[in-house]
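Following this message is one structure expressed as C-alpha coordinates.
Each chain carries a letter (A, B, C, D, E and F) given by its place in the written order, and its residues are counted from 1.
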Amino acid sequence: MQISARNAFKGKIVHVEKGATTAVVKIEVSPGQVVTASITNEAVDTLKLAVGGEAYAVIKASDVMVAVD
Amino acid sequence: MQISARNAFKGKIVHVEKGATTAVVKIEVSPGQVVTASITNEAVDTLKLAVGGEAYAVIKASDVMVAVD
Amino acid sequence: MQISARNAFKGKIVHVEKGATTAVVKIEVSPGQVVTASITNEAVDTLKLAVGGEAYAVIKASDVMVAVD
Amino acid sequence: MQISARNAFKGKIVHVEKGATTAVVKIEVSPGQVVTASITNEAVDTLKLAVGGEAYAVIKASDVMVAVD
Amino acid sequence: MQISARNAFKGKIVHVEKGATTAVVKIEVSPGQVVTASITNEAVDTLKLAVGGEAYAVIKASDVMVAVD
Amino acid sequence: MQISARNAFKGKIVHVEKGATTAVVKIEVSPGQVVTASITNEAVDTLKLAVGGEAYAVIKASDVMVAVD
(Lines give C-alpha, C1' and ligand atoms only; values in the text may rest on other atoms or scores of the structure.)
Protein backbone atom coordinates (compact mmCIF):
# COMPACT_ATOMS: atom_id res chain seq x y z
CA MET A 1 0.00 0.00 0.00
CA GLN A 2 1.22 3.45 -0.93
CA ILE A 3 -0.23 6.38 0.99
CA SER A 4 -0.57 10.08 0.21
CA ALA A 5 0.96 11.06 3.56
CA ARG A 6 4.26 12.66 2.54
CA ASN A 7 6.22 11.60 5.63
CA ALA A 8 7.17 8.05 6.60
CA PHE A 9 10.24 7.47 8.73
CA LYS A 10 11.45 3.98 9.45
CA GLY A 11 12.80 3.13 12.85
CA LYS A 12 12.68 0.88 15.86
CA ILE A 13 9.94 0.96 18.46
CA VAL A 14 11.47 2.00 21.79
CA HIS A 15 8.35 2.52 23.91
CA VAL A 16 4.76 1.25 23.95
CA GLU A 17 2.46 2.44 26.71
CA LYS A 18 -1.18 1.49 26.52
CA GLY A 19 -3.64 3.66 28.40
CA ALA A 20 -7.36 3.14 28.88
CA THR A 21 -8.19 3.65 25.20
CA THR A 22 -5.18 5.54 23.85
CA ALA A 23 -1.56 4.44 23.63
CA VAL A 24 1.74 6.27 23.33
CA VAL A 25 4.27 4.70 20.98
CA LYS A 26 7.80 5.99 20.42
CA ILE A 27 9.90 5.15 17.38
CA GLU A 28 13.60 5.94 17.13
CA VAL A 29 13.97 7.02 13.51
CA SER A 30 17.64 7.94 13.67
CA PRO A 31 20.14 7.87 16.55
CA GLY A 32 18.73 10.10 19.28
CA GLN A 33 15.72 11.15 17.18
CA VAL A 34 12.54 9.72 18.62
CA VAL A 35 9.06 10.29 17.20
CA THR A 36 6.14 10.11 19.63
CA ALA A 37 2.76 8.89 18.39
CA SER A 38 -0.57 8.87 20.16
CA ILE A 39 -2.75 6.13 18.65
CA THR A 40 -5.59 3.86 19.78
CA ASN A 41 -4.90 0.80 21.90
CA GLU A 42 -6.79 -1.06 19.19
CA ALA A 43 -4.13 -0.12 16.63
CA VAL A 44 -1.36 -1.30 18.95
CA ASP A 45 -3.09 -4.67 19.23
CA THR A 46 -3.96 -5.04 15.54
CA LEU A 47 -0.45 -4.16 14.40
CA LYS A 48 1.11 -6.11 17.30
CA LEU A 49 3.37 -3.19 18.10
CA ALA A 50 6.05 -4.04 20.63
CA VAL A 51 9.35 -2.60 21.78
CA GLY A 52 12.15 -3.70 19.49
CA GLY A 53 9.98 -4.06 16.41
CA GLU A 54 10.52 -2.13 13.22
CA ALA A 55 7.91 0.46 12.33
CA TYR A 56 7.32 3.66 10.41
CA ALA A 57 6.15 6.97 11.80
CA VAL A 58 3.72 8.28 9.18
CA ILE A 59 2.61 11.93 9.12
CA LYS A 60 0.37 13.84 6.69
CA ALA A 61 2.06 17.01 5.42
CA SER A 62 -0.83 19.19 6.57
CA ASP A 63 -0.13 18.07 10.15
CA VAL A 64 3.45 19.33 10.14
CA MET A 65 4.17 22.83 11.43
CA VAL A 66 7.35 24.82 10.97
CA ALA A 67 9.04 26.78 13.74
CA VAL A 68 12.06 29.04 13.84
CA ASP A 69 14.13 30.27 16.77
CA MET B 1 8.13 29.28 24.07
CA GLN B 2 7.70 25.60 24.97
CA ILE B 3 4.93 23.70 23.23
CA SER B 4 2.99 20.54 24.11
CA ALA B 5 3.64 19.04 20.65
CA ARG B 6 5.94 16.10 21.43
CA ASN B 7 7.88 16.20 18.17
CA ALA B 8 10.25 18.93 17.06
CA PHE B 9 13.06 18.11 14.66
CA LYS B 10 15.67 20.70 13.76
CA GLY B 11 16.95 20.90 10.24
CA LYS B 12 17.64 23.03 7.22
CA ILE B 13 14.93 24.25 4.85
CA VAL B 14 15.54 22.70 1.43
CA HIS B 15 12.36 23.69 -0.40
CA VAL B 16 9.76 26.45 -0.16
CA GLU B 17 6.94 26.51 -2.70
CA LYS B 18 4.17 29.01 -2.22
CA GLY B 19 0.82 28.24 -3.85
CA ALA B 20 -2.29 30.40 -4.02
CA THR B 21 -2.93 30.24 -0.26
CA THR B 22 -1.00 27.16 0.86
CA ALA B 23 2.72 26.48 0.75
CA VAL B 24 4.83 23.35 0.81
CA VAL B 25 8.00 23.54 2.91
CA LYS B 26 10.59 20.79 3.18
CA ILE B 27 13.08 20.52 6.02
CA GLU B 28 16.02 18.10 5.98
CA VAL B 29 16.17 16.92 9.58
CA SER B 30 18.99 14.43 9.13
CA PRO B 31 21.01 13.41 6.07
CA GLY B 32 18.52 12.14 3.49
CA GLN B 33 15.55 12.51 5.84
CA VAL B 34 13.26 15.28 4.66
CA VAL B 35 10.02 16.32 6.38
CA THR B 36 7.31 17.86 4.20
CA ALA B 37 4.98 20.45 5.69
CA SER B 38 1.89 22.02 4.21
CA ILE B 39 1.32 25.42 5.83
CA THR B 40 -0.26 28.75 4.90
CA ASN B 41 1.57 31.21 2.68
CA GLU B 42 0.95 33.67 5.49
CA ALA B 43 3.09 31.59 7.83
CA VAL B 44 5.89 31.41 5.26
CA ASP B 45 5.88 35.20 5.06
CA THR B 46 5.57 35.86 8.80
CA LEU B 47 8.39 33.46 9.66
CA LYS B 48 10.42 34.56 6.60
CA LEU B 49 11.03 30.93 5.68
CA ALA B 50 13.58 30.52 2.91
CA VAL B 51 15.75 27.76 1.52
CA GLY B 52 18.93 27.39 3.55
CA GLY B 53 17.44 28.66 6.79
CA GLU B 54 17.29 26.61 9.97
CA ALA B 55 13.88 25.50 11.13
CA TYR B 56 12.06 22.88 13.15
CA ALA B 57 9.42 20.48 11.93
CA VAL B 58 6.88 20.36 14.76
CA ILE B 59 4.24 17.62 15.00
CA LYS B 60 1.59 16.89 17.64
CA ALA B 61 1.77 13.26 18.82
CA SER B 62 -1.89 12.66 17.97
CA ASP B 63 -1.07 13.42 14.32
CA VAL B 64 1.54 10.66 14.07
CA MET B 65 0.48 7.26 12.77
CA VAL B 66 2.44 4.02 13.01
CA ALA B 67 2.81 1.57 10.15
CA VAL B 68 4.46 -1.82 9.83
CA ASP B 69 5.50 -3.78 6.77
CA MET C 1 2.00 -1.99 4.80
CA GLN C 2 -0.44 -1.97 7.70
CA ILE C 3 -1.20 1.38 9.31
CA SER C 4 -2.52 2.37 12.73
CA ALA C 5 -5.18 4.62 11.18
CA ARG C 6 -8.41 2.83 12.10
CA ASN C 7 -10.36 3.88 9.02
CA ALA C 8 -9.69 2.78 5.44
CA PHE C 9 -12.52 2.71 2.94
CA LYS C 10 -12.01 1.32 -0.54
CA GLY C 11 -13.65 2.97 -3.47
CA LYS C 12 -13.28 4.50 -6.88
CA ILE C 13 -11.76 7.92 -7.53
CA VAL C 14 -14.46 10.17 -9.01
CA HIS C 15 -12.71 13.56 -8.94
CA VAL C 16 -9.13 14.85 -8.97
CA GLU C 17 -8.56 18.59 -8.96
CA LYS C 18 -5.04 19.86 -8.59
CA GLY C 19 -4.57 23.37 -7.28
CA ALA C 20 -1.36 25.36 -6.95
CA THR C 21 0.07 23.09 -4.23
CA THR C 22 -2.97 21.30 -2.84
CA ALA C 23 -5.37 18.94 -4.56
CA VAL C 24 -8.92 17.81 -3.87
CA VAL C 25 -9.60 14.11 -4.47
CA LYS C 26 -13.00 12.46 -4.13
CA ILE C 27 -13.48 8.74 -3.64
CA GLU C 28 -16.88 7.04 -3.90
CA VAL C 29 -16.70 4.45 -1.12
CA SER C 30 -20.24 3.14 -1.49
CA PRO C 31 -23.07 4.12 -3.85
CA GLY C 32 -23.73 7.81 -3.27
CA GLN C 33 -21.19 8.06 -0.45
CA VAL C 34 -18.24 10.18 -1.51
CA VAL C 35 -15.25 11.00 0.69
CA THR C 36 -13.42 14.26 -0.02
CA ALA C 37 -9.68 14.46 0.66
CA SER C 38 -7.39 17.47 0.57
CA ILE C 39 -3.85 16.29 -0.12
CA THR C 40 -0.71 17.67 -1.74
CA ASN C 41 -0.34 17.79 -5.52
CA GLU C 42 2.88 15.89 -4.93
CA ALA C 43 0.93 12.95 -3.50
CA VAL C 44 -1.44 12.95 -6.47
CA ASP C 45 1.57 12.69 -8.79
CA THR C 46 3.47 10.10 -6.77
CA LEU C 47 0.45 7.83 -6.40
CA LYS C 48 -0.67 8.57 -9.98
CA LEU C 49 -4.21 9.23 -8.76
CA ALA C 50 -6.70 9.57 -11.58
CA VAL C 51 -10.45 9.42 -12.01
CA GLY C 52 -11.61 5.82 -12.34
CA GLY C 53 -8.78 4.33 -10.31
CA GLU C 54 -9.30 2.33 -7.15
CA ALA C 55 -8.16 3.93 -3.92
CA TYR C 56 -8.71 3.97 -0.18
CA ALA C 57 -9.74 6.91 1.94
CA VAL C 58 -7.66 6.57 5.11
CA ILE C 59 -8.49 8.49 8.28
CA LYS C 60 -6.92 8.45 11.75
CA ALA C 61 -9.53 7.85 14.48
CA SER C 62 -8.52 11.02 16.33
CA ASP C 63 -9.52 13.04 13.25
CA VAL C 64 -13.10 11.76 13.27
CA MET C 65 -15.76 13.78 15.06
CA VAL C 66 -19.24 12.65 15.99
CA ALA C 67 -22.35 14.74 15.51
CA VAL C 68 -25.99 14.22 16.39
CA ASP C 69 -29.11 15.96 15.12
CA MET D 1 -25.62 24.20 11.92
CA GLN D 2 -23.76 23.69 8.65
CA ILE D 3 -20.04 22.96 8.90
CA SER D 4 -17.16 23.35 6.47
CA ALA D 5 -16.01 19.76 7.07
CA ARG D 6 -16.67 18.09 3.71
CA ASN D 7 -17.44 14.64 5.08
CA ALA D 8 -20.44 13.67 7.20
CA PHE D 9 -21.70 10.11 7.12
CA LYS D 10 -24.87 9.14 8.93
CA GLY D 11 -25.08 5.85 10.71
CA LYS D 12 -25.82 3.99 13.89
CA ILE D 13 -23.56 3.93 16.92
CA VAL D 14 -22.36 0.36 17.46
CA HIS D 15 -19.71 0.86 20.15
CA VAL D 16 -18.97 3.41 22.87
CA GLU D 17 -15.97 2.83 25.11
CA LYS D 18 -15.02 5.54 27.56
CA GLY D 19 -11.43 5.61 28.76
CA ALA D 20 -9.89 7.82 31.42
CA THR D 21 -10.28 11.01 29.35
CA THR D 22 -10.68 9.74 25.81
CA ALA D 23 -13.41 7.57 24.32
CA VAL D 24 -13.65 5.36 21.26
CA VAL D 25 -16.94 5.53 19.36
CA LYS D 26 -17.80 3.40 16.35
CA ILE D 27 -20.52 4.29 13.85
CA GLU D 28 -21.76 1.88 11.19
CA VAL D 29 -22.28 4.15 8.19
CA SER D 30 -23.28 1.44 5.74
CA PRO D 31 -23.61 -2.33 6.10
CA GLY D 32 -20.21 -3.59 7.25
CA GLN D 33 -18.59 -0.17 7.03
CA VAL D 34 -17.72 1.11 10.49
CA VAL D 35 -16.03 4.43 11.22
CA THR D 36 -13.94 4.65 14.38
CA ALA D 37 -13.68 7.98 16.21
CA SER D 38 -11.48 8.95 19.12
CA ILE D 39 -13.13 11.82 21.00
CA THR D 40 -13.19 13.16 24.55
CA ASN D 41 -15.30 11.49 27.23
CA GLU D 42 -16.77 14.94 27.74
CA ALA D 43 -18.17 14.91 24.20
CA VAL D 44 -19.69 11.47 24.75
CA ASP D 45 -21.48 12.80 27.82
CA THR D 46 -22.58 16.11 26.31
CA LEU D 47 -23.97 14.48 23.18
CA LYS D 48 -25.33 11.54 25.20
CA LEU D 49 -23.81 9.10 22.72
CA ALA D 50 -24.96 5.52 23.25
CA VAL D 51 -25.03 2.30 21.30
CA GLY D 52 -28.04 2.20 19.00
CA GLY D 53 -28.31 5.95 18.57
CA GLU D 54 -28.07 7.71 15.22
CA ALA D 55 -25.01 9.82 14.65
CA TYR D 56 -22.79 11.28 11.96
CA ALA D 57 -19.10 10.69 11.51
CA VAL D 58 -17.71 14.10 10.52
CA ILE D 59 -14.25 14.50 8.98
CA LYS D 60 -12.43 17.56 7.64
CA ALA D 61 -11.12 17.00 4.09
CA SER D 62 -7.56 17.87 5.12
CA ASP D 63 -7.62 14.93 7.54
CA VAL D 64 -8.34 12.38 4.81
CA MET D 65 -5.46 10.55 3.17
CA VAL D 66 -5.56 8.53 -0.01
CA ALA D 67 -3.88 5.16 -0.43
CA VAL D 68 -3.50 2.79 -3.35
CA ASP D 69 -2.56 -0.88 -3.46
CA MET E 1 -26.62 19.56 14.82
CA GLN E 2 -24.44 19.11 17.89
CA ILE E 3 -20.84 18.09 17.32
CA SER E 4 -18.25 16.38 19.51
CA ALA E 5 -15.65 19.07 18.75
CA ARG E 6 -15.21 20.79 22.11
CA ASN E 7 -14.43 24.24 20.74
CA ALA E 8 -16.84 26.52 18.87
CA PHE E 9 -16.34 30.26 18.97
CA LYS E 10 -18.87 32.58 17.42
CA GLY E 11 -17.70 35.65 15.59
CA LYS E 12 -17.81 37.73 12.46
CA ILE E 13 -16.02 36.79 9.25
CA VAL E 14 -13.38 39.44 8.54
CA HIS E 15 -11.47 37.85 5.67
CA VAL E 16 -12.19 35.30 2.92
CA GLU E 17 -9.45 34.50 0.43
CA LYS E 18 -10.04 31.72 -2.03
CA GLY E 19 -6.99 30.06 -3.55
CA ALA E 20 -6.83 27.42 -6.27
CA THR E 21 -8.47 24.72 -4.11
CA THR E 22 -7.96 25.96 -0.55
CA ALA E 23 -9.27 29.11 1.11
CA VAL E 24 -8.22 31.12 4.13
CA VAL E 25 -11.07 32.42 6.29
CA LYS E 26 -10.61 34.64 9.33
CA ILE E 27 -13.22 35.04 12.06
CA GLU E 28 -13.02 37.69 14.76
CA VAL E 29 -14.25 35.84 17.84
CA SER E 30 -13.71 38.65 20.32
CA PRO E 31 -12.32 42.18 19.89
CA GLY E 32 -8.83 41.79 18.47
CA GLN E 33 -8.93 37.99 18.61
CA VAL E 34 -9.01 36.54 15.11
CA VAL E 35 -9.08 32.82 14.32
CA THR E 36 -7.59 31.73 10.99
CA ALA E 37 -9.02 28.69 9.21
CA SER E 38 -7.75 26.89 6.14
CA ILE E 39 -10.67 25.12 4.46
CA THR E 40 -11.63 24.02 0.95
CA ASN E 41 -12.97 26.52 -1.58
CA GLU E 42 -15.88 24.13 -1.88
CA ALA E 43 -16.82 24.71 1.76
CA VAL E 44 -16.65 28.49 1.28
CA ASP E 45 -19.09 28.17 -1.61
CA THR E 46 -21.44 25.68 0.05
CA LEU E 47 -21.68 27.70 3.25
CA LYS E 48 -21.73 31.01 1.31
CA LEU E 49 -19.06 32.43 3.59
CA ALA E 50 -18.52 36.14 3.08
CA VAL E 51 -16.94 39.01 4.98
CA GLY E 52 -19.38 40.42 7.51
CA GLY E 53 -21.28 37.19 8.03
CA GLU E 54 -21.59 35.45 11.37
CA ALA E 55 -19.78 32.15 11.74
CA TYR E 56 -18.24 29.81 14.26
CA ALA E 57 -14.65 28.64 14.40
CA VAL E 58 -14.89 24.96 15.34
CA ILE E 59 -11.88 22.99 16.60
CA LYS E 60 -11.53 19.41 17.83
CA ALA E 61 -9.82 19.25 21.23
CA SER E 62 -7.14 16.87 19.94
CA ASP E 63 -6.06 19.57 17.49
CA VAL E 64 -5.32 22.12 20.21
CA MET E 65 -1.80 22.40 21.57
CA VAL E 66 -0.70 24.18 24.72
CA ALA E 67 2.35 26.41 24.92
CA VAL E 68 4.00 28.29 27.75
CA ASP E 69 6.52 31.14 27.71
CA MET F 1 10.40 30.25 19.05
CA GLN F 2 7.97 31.38 16.38
CA ILE F 3 5.64 28.77 14.91
CA SER F 4 3.73 28.53 11.63
CA ALA F 5 0.47 27.72 13.44
CA ARG F 6 -1.66 30.80 12.77
CA ASN F 7 -3.61 30.70 16.02
CA ALA F 8 -2.22 31.30 19.50
CA PHE F 9 -4.49 32.59 22.23
CA LYS F 10 -3.12 33.54 25.62
CA GLY F 11 -5.08 32.72 28.70
CA LYS F 12 -5.16 31.14 32.12
CA ILE F 13 -5.29 27.40 32.71
CA VAL F 14 -8.59 26.58 34.46
CA HIS F 15 -8.58 22.78 34.30
CA VAL F 16 -5.97 20.01 34.06
CA GLU F 17 -7.17 16.41 34.08
CA LYS F 18 -4.64 13.70 33.45
CA GLY F 19 -5.93 10.37 32.17
CA ALA F 20 -4.03 7.14 31.59
CA THR F 21 -1.94 8.58 28.74
CA THR F 22 -3.95 11.59 27.56
CA ALA F 23 -4.86 14.75 29.44
CA VAL F 24 -7.56 17.37 29.02
CA VAL F 25 -6.43 20.96 29.60
CA LYS F 26 -8.74 23.97 29.51
CA ILE F 27 -7.52 27.53 28.99
CA GLU F 28 -9.74 30.57 29.49
CA VAL F 29 -8.64 32.85 26.66
CA SER F 30 -11.14 35.62 27.32
CA PRO F 31 -13.90 35.99 29.92
CA GLY F 32 -16.22 33.02 29.46
CA GLN F 33 -14.31 31.70 26.44
CA VAL F 34 -12.57 28.45 27.29
CA VAL F 35 -10.47 26.41 24.86
CA THR F 36 -10.27 22.65 25.48
CA ALA F 37 -7.10 20.79 24.50
CA SER F 38 -6.42 17.07 24.46
CA ILE F 39 -2.69 16.50 24.83
CA THR F 40 -0.38 13.80 26.21
CA ASN F 41 0.19 13.47 29.95
CA GLU F 42 3.86 13.70 29.05
CA ALA F 43 3.34 17.22 27.71
CA VAL F 44 1.49 18.25 30.89
CA ASP F 45 4.47 17.07 32.94
CA THR F 46 7.17 18.54 30.72
CA LEU F 47 5.49 21.94 30.57
CA LYS F 48 4.45 21.73 34.25
CA LEU F 49 0.93 22.77 33.33
CA ALA F 50 -1.21 23.56 36.37
CA VAL F 51 -4.43 25.38 37.10
CA GLY F 52 -3.81 29.10 37.45
CA GLY F 53 -0.79 29.18 35.15
CA GLU F 54 -0.62 31.26 32.00
CA ALA F 55 -0.58 29.38 28.72
CA TYR F 56 -1.41 29.67 25.06
CA ALA F 57 -3.84 27.57 23.09
CA VAL F 58 -2.09 26.99 19.76
CA ILE F 59 -3.98 25.73 16.68
CA LYS F 60 -2.85 25.11 13.09
CA ALA F 61 -5.13 26.89 10.58
CA SER F 62 -5.82 23.64 8.72
CA ASP F 63 -7.37 22.24 11.92
CA VAL F 64 -9.97 24.99 12.17
CA MET F 65 -13.40 24.44 10.65
CA VAL F 66 -16.05 27.05 9.98
CA ALA F 67 -19.73 26.59 10.78
CA VAL F 68 -22.80 28.72 10.20
CA ASP F 69 -26.25 28.57 11.75
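Please note the rule applied: a contact is a pair of C-beta atoms (placed from the backbone, for glycine too) under 8 Å apart; a residue touches a chain by one contact, two chains touch by 3 or more.
Here is each chain with its UniProt name: A, B, C, D, E, F = Molybdopterin-binding protein.
Keep in mind it's a predicted model, so treat the numbers as computed, not measured.
I'd like to know which pair from A-F, B-F or A-B copies the A-D interface, where a copy means over half of the contact pairs are the same by residue number.
The chain pair with the recurring interface is A-F.
Please decide if copies subunit C and subunit D contact each other with the same set of residue positions, more than half shared, or with different positions, and reply same or different.
Homomeric contact, same residues on both sides for the most part.
If you average the Cα atoms per chain, which one ends up farthest from subunit B?
Chain D.
Using CA atoms for the superposition, what rotation angle relates subunit A to subunit F, in steps of 5 degrees?
Superposing the C-alpha atoms of subunit A on subunit F needs a rotation of 120 degrees.
Between subunit A and subunit C, what is the separation of their C-alpha centroids in Å?
Computed from C-alpha means, the inter-chain centre distance equals 21 Å.
For subunit A versus subunit E, what separation do you get between their C-alpha means, in angstrom?
29
Report the inter-chain centroid distance for subunit B and subunit E in whole angstrom, where each centroid is the mean of the CA atoms.
For subunit B versus subunit E, the centre distance works out to 22 Å.
Quick one: which residues in subunit E touch 2 or more of the other chains?
Subunit E, residues with two or more chain partners: 1-6, 19-22, 24, 36-40, 42-43, 47, 49, 56, 58, 60-63, 65-69.
Chain contact graph: line, ring, star, complete or other?
Topology of the interface graph: other, matching no listed pattern.
Tell me, which pairs of chains are in touch?
Chains touch in the following pairs: A-B, A-C, A-D, A-F, B-C, B-E, B-F, C-D, C-E, D-E, D-F, E-F.
Which subunit A residues qualify as touching subunit C in the complex?
Going by the criterion above, the answer is residues 1-6, 37-40, 42-44, 46-47, 49, 56, 58, 60-62.
Give the list of subunit C residues in touch with subunit B in this complex.
1-5, 19-22, 40, 42, 60, 62
Show which residues of subunit A lie in contact with subunit B when the two form their complex.
So the residues of subunit A touching subunit B come out as 3, 5-9, 24-25, 27, 29-30, 33, 35-39, 43, 47-49, 53-69.
Name, in rising order, each residue of subunit D that touches subunit A in their complex.
Interface residues on the subunit D side: 17-24, 36, 38, 62-63, 65-69.
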